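Next come two complexes, and both contain chain A; in the first it sits with chain B, in the second with chain C.
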Partner chain A sequence: MINILLSGDRPRSMLLSALLLVILIALALAPFLFPGVRSLETAARICIFIVLVASYDLMLGYTGIVSFAHTMFFGLGAYGVALASTHMGRGFDALLVGSVLGALAAAVLAFAIGLFSLRVRAIFFAMITLAVASAVAVLVSQMSQITGGEDGLNYLTPRELTPAFRFGEAFGVKLNGRLLAYYLVFTACLALFLMLLRVVNSPFGRVLKAIRENDFRAEAIGYRVVAYRTMATCLSAAVAALAGSIFAIWLRYVGPDTTLSFSIMLDILLMVVIGGMGTMYGAVIGATIFVLAQNYLQTLMGTASEATSALPLIPELLSPDRWLLWLGVLFVLSVYFFPTGIVGRLRGVR
Partner chain B sequence: MSDAPDHSPTLAALSISDRLGQAMPYILIPVLVVLGFLAIGSTSSWLTLTVSGLAMGMMIFLMASGLTLVFGLMDIINFGHGAFISVGAFVGVSVLMAMGGWTTAPSLPLNLIAVLLAILAATLVTGILGWGFERVIVRPVYGQHLHQILVTVGGLIVIEQMIHVIWGPHEIFLTRPETFQGAITYWGAALEKFRLLAVVLGLIVFVTMRLVLRRTKIGLIVRAGVQNGEMVQALGYRLRLVFVGVFIAGSALAGLGGVMWGLYQEVITAGMGEEMMILVFIVVIIGGLGSVEGAFIGALLVGLTQNYIAFLEPKLALISNIGLMAVILMWRPQGMMPVVKAK
Partner chain C sequence: MSDDILTLKGVYTDIAQYHILADLDLNVPRGGVTMLLGRNGVGKTTTLRTIMGLWAAKKGQITLDGTDLTALPTSDRARLGIGYVPEDMGIFTDLTVAENMILAAAGGGLDAKRMEWIFGAFPALRTFWTSEAGNLSGGQKQMLAIARAMAEERQLYLIDEPTKGLAPAIVSTMAGALRDLKKQGASILLVEQNFAVAKALGDTAAVMDDGRVIWTGEMAELANDADLQERLMGLSMETL
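== the complex of A and B ==
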């Protein structure tokens, strides 16, 4: 049973299995184990980022393509839900239509970009996605009559998913719509993650790995590298868009900063690299550690900065605004010394 | 014994269409300028737009030339190139501000010296920074595209954040030196003086670069290295040293571009390099990776198109560059003048 669910790709390490199990249980029972608005926010964020990072890993770790447009696909899904909810009124049909349209748009856009860049050389893809993603981000903030510009969009999700919808109490926790929304997020993310696991362990996934290792040889064996790369890109974009839709349903707000900004792209990159490229479990570990660190470490940095305020330069370096500096350093160091990430280390590969 | 197979080499001249195909990228710029004239209609605004398009193109070329050569020579794509643009701008502007009196005095020689000193400082600092960047960030990941992209992006973030630490988190506004403010009127068209300076400077750099690449021994080695690095090494040249030199020169040029762009915009931010990188990548892609001429033409095309379209249809300006790139890649998927064979 477990073997089927995990598509035969077991964690292959006691410690890793234990870690994954702890994360799964913690996320599944988050509302009861860690009551409170902030921890529920964090848990939902972890769920969504696991899917987002896993979909990115399908491209980076499995196919060996670097994309800088993953937040664009994420944003497409989020804006799909937001626009559908704004124009169709609150309701589950709006959420569904928005998600599907967002995922479709993402896949089509990924296909178009892939058509231009992937058939020449994979490195074009990185540059072109960077250009397209920035153009889309500017476009979204400029077309304010449609997208709400920099302010973003606020909209209503179905009443069943809002805190106002109450239906009793269990284990000392109030059961309300927010809880339902959390479980919607959790189930959808779990399903998407298992689906991605299925994809990478299918014959299709094996071809992708072959392309990553040596695209010339894969072509020589008879696989059409361009077609496989494009398919992987489209699939990854569609899943990222779905993760964006879930994020929009949870947050009930979309804006350029929360869905499209380049710093989210950097977060994703870092999560993939820290967790481990080329394995879906890396996404779980990376996203969990990173989101927790982001939420709780920044506070710590603030305290450290104040504590050292008498010294020169050091408080500047430790201020919470310089969070990205340390991420960058960590990023470079982990690519050098830790290229297989936490999961790779735990599995004892290389 | 059978006869040797017939071998009668022919030295046919290239057909007209082949020659036209080769010259096409060069023809594209005058064609674009003429099209712009037809679309705009008014001579004075056309002249203003053309000059500002050329100025913008020249500045982008300064930033793009190093990147394309580095890629051609060592197959390294440096996403951290944008950091040099920002650092160059910050260093240059700091020098300009420190000279205070020289920039406010209404005297051309003093202003020119001030600007030149700023450029000198900026190129020096970014050159040294480029040397360090190559050592620390790029060298350990030769030959691995994936890791190169990741590591250089990491380097970009770190340098950008260090700018925040050193110069503070806010953007810095500046005023251009006295004599470069304002515009001169020519044929009823207002031509900003600074843009003319940018065009002249860009042309000087382009011509110098071409001369170095075409007429000197080192240029010969660089060009040969771009075409076939292994062969050059087999002939006994230490391509690594040449490469480090090109990397430093490219970083210094990015710094120069940064100073010029900062003076052009009259505001500098730590993120400016990252924003410019998008244009630079478009230029490098449509020019063809590894080609300096391609980057030059690409940069001018991007500058001119953006200015014309911003005038004709402001809403389209945001996507004009992406559109240009799409059109060129449909025409030539490798870029206009690819030097590096697709690997």
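== the complex of A and C ==
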């Protein structure tokens, strides 16, 4: 059963299996294990970023395509839900229509970029995606009548997904629409991740891995490299858009900073590299560590700074204001000690 | 239908500013092994790569069993039934032996009977079936490269120096496998520097010099005539 769910791609390391299991249980029971708005927010963000990073890994890790347009696809999905909810009114139909249209728009745009650009060398493709993503971000900021501009859009999601919808209490936790929204996020992300795992372990995924390693050779044994790369780009874009839709459903707000900014793109890159490229499970580890660090490193450093207040220099170094510096140090250390990513390293030691 | 499975007529191929193939004419007979011989740098590998479309022919025509390949992309040429084993083997080292083999089957499935034959020729592949191809030895990688071309029945096999740098025992395994393939009636265009292998396998030969074919005939005729070898290639094949 587990083998079928994981498409035969087991973690292949006891420690990795244990880590993944802990993350799965923690996310599945997050509302009960870590009650509170902030922890639920963090858990939902981890779920969404796992899918977003995994979809990027399909392109970068499995196909060898470097793209800087992934947040654009993420944003298309998010804006799809926002615009549908704004124009159709609150309701599950708006969420569905917005998600489907967002994913379709992302796939179509990825197809256009893919056809025009995948024949060129990798560096030019990366530059083209960067240009297109920047153009779309500017367009979204400028078209304020439709997109809300820099302020973004606030909209209503179905009442069943809001805190106002209450239906009791269990294990000391109030059962409300926010809890339902979290489980919608968790279930959708789990389903999307398992689907991606199925894709990379299918015959299609095998061809992608062959292309990543030697595209001329893949062509010489009969595979149309451009067609496969385009298909992978479209699929990756559609899944990123769906992650964006889930993000929009959870957040009930979209804006250029939260969905289209280049800093999110950098975060995705870091998560892929930290977790391990071309492994899928790397997305789980990378996203979890990175989002936790983003959300709790400051708090942790504040506590450490206070605890060491009697010592010279150290409290200054551990000041919460310097959290980005330490995040950078953590990244450098992880790349140094885990050049194949955490998953690659764990699989290596068995 | 002609007796030739592959025909190259007046083919020119340039790589950057260099003219590598110039007015190349070559016929590969249906069934049997055609040896493509010549000194280093005369264009043997470029000929195979041009047939596959990995280098574009600037001029000329390439036909496979009557089908004009000249304008077709590489993947379509492969799908028409050309199995190509490049000099660098071109296996996918991140994938397992099994995955490498499955990739080579157009339908995505391997024929059990054919696999038994391949395992008979290269027993090491059965042993390392689920191992990553990158962990194989050089000889085993070469076995995998040839086995991958043999995964399905092809119209034509293009094989570039399959015994290069291999230990004698593995050369013998490789030659045995190619002999088996030949017995099945396969058409093979083989670039080979090992004279013993060339002599044992070759039915016909084409000798290249300066980007064109300068002699064609029976392999036995060339193998038995040291003067001819000296004249065509500048040295006796016995010294290779």
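Quick note on the criterion: the second predicted complex is superposed on the first by the 306 of 350 C-alpha atoms of A that agree within 3 Å, B and C clash if a C-alpha of one lies under 4 Å from a C-alpha of the other, contacts with A are read in each partner's own complex, and residues count from 1 in each chain.
In the analysis below, a residue touches a chain if its C-beta (ideal position, glycine included) is under 8 Å from a C-beta of that chain, and two chains touch if they have at least 3 such contacts.
This one's a predicted model, so the numbers in the text were calculated from it and none came from an experiment.
**Student:** A:206 in the overlay: touching chain B, chain C, both, or neither? Say first, second, both or neither.
**Tutor:** second
**Student:** According to the stated criteria, A:14 is in contact with first (chain B), second (chain C), both, or neither; which is it?
**Tutor:** It touches nothing on chain B or chain C.
**Student:** With the two complexes superposed on chain A, say which partner A:310 touches: chain B (first), chain C (second), both, or neither.
**Tutor:** Touch status of A:310: no partner.
**Student:** Tell me which partner A:2 touches in the superposition: chain B (first), chain C (second), both or neither.
**Tutor:** In the superposition, A:2 touches no partner, neither chain B nor chain C.
**Student:** Based on the superposed arrangement, let me know which partner A:142 touches: chain B (first), chain C (second), both, or neither?
**Tutor:** First partner only, chain B.
**Student:** With both structures placed on chain A, which of the two partners, chain B or chain C, ends up touching more residues of chain A?
**Tutor:** When the residues of chain A touched by each partner are counted, B comes out ahead.
**Student:** With both complexes superposed on chain A, which partner does A:220 reach: first (chain B), second (chain C), both or neither?
**Tutor:** second
**Student:** Could you list which residues of chain A make contact with chain B in one structure and with chain C in the other?
**Tutor:** Comparing the two interfaces on chain A, one with chain B and one with chain C, no residues are shared.
**Student:** Sort out for me which residues of chain C touch chain A in the complex.
**Tutor:** 52, 54, 73-75, 78-79, 84, 86, 90-95, 99, 102-104, 106, 108, 148
**Student:** Where on chain A is chain C touching in the complex?
**Tutor:** Residues 203, 206-207, 209-210, 212-214, 216-225.
**Student:** If you look only at chain B, which of its residues touch chain A in the complex?
**Tutor:** Per the stated touch rule, the residues are 77, 79, 137, 140-141, 145-147, 149-151, 153-158, 160-162, 164-165, 169, 274-275, 277-278, 281-282, 284-285, 318-319, 321-322, 325-326, 329-330, 333-334, 342-343.
**Student:** Provide the residue numbers of chain A that touch chain B in the complex, in ascending order.
**Tutor:** Interface residues on chain A, with respect to chain B: 60, 64, 66, 116-117, 119-124, 126-128, 130-132, 134-135, 138-139, 142, 262, 266, 269, 273, 313, 316-317, 321-322, 324-325, 327-329, 331-332, 335-336, 339.
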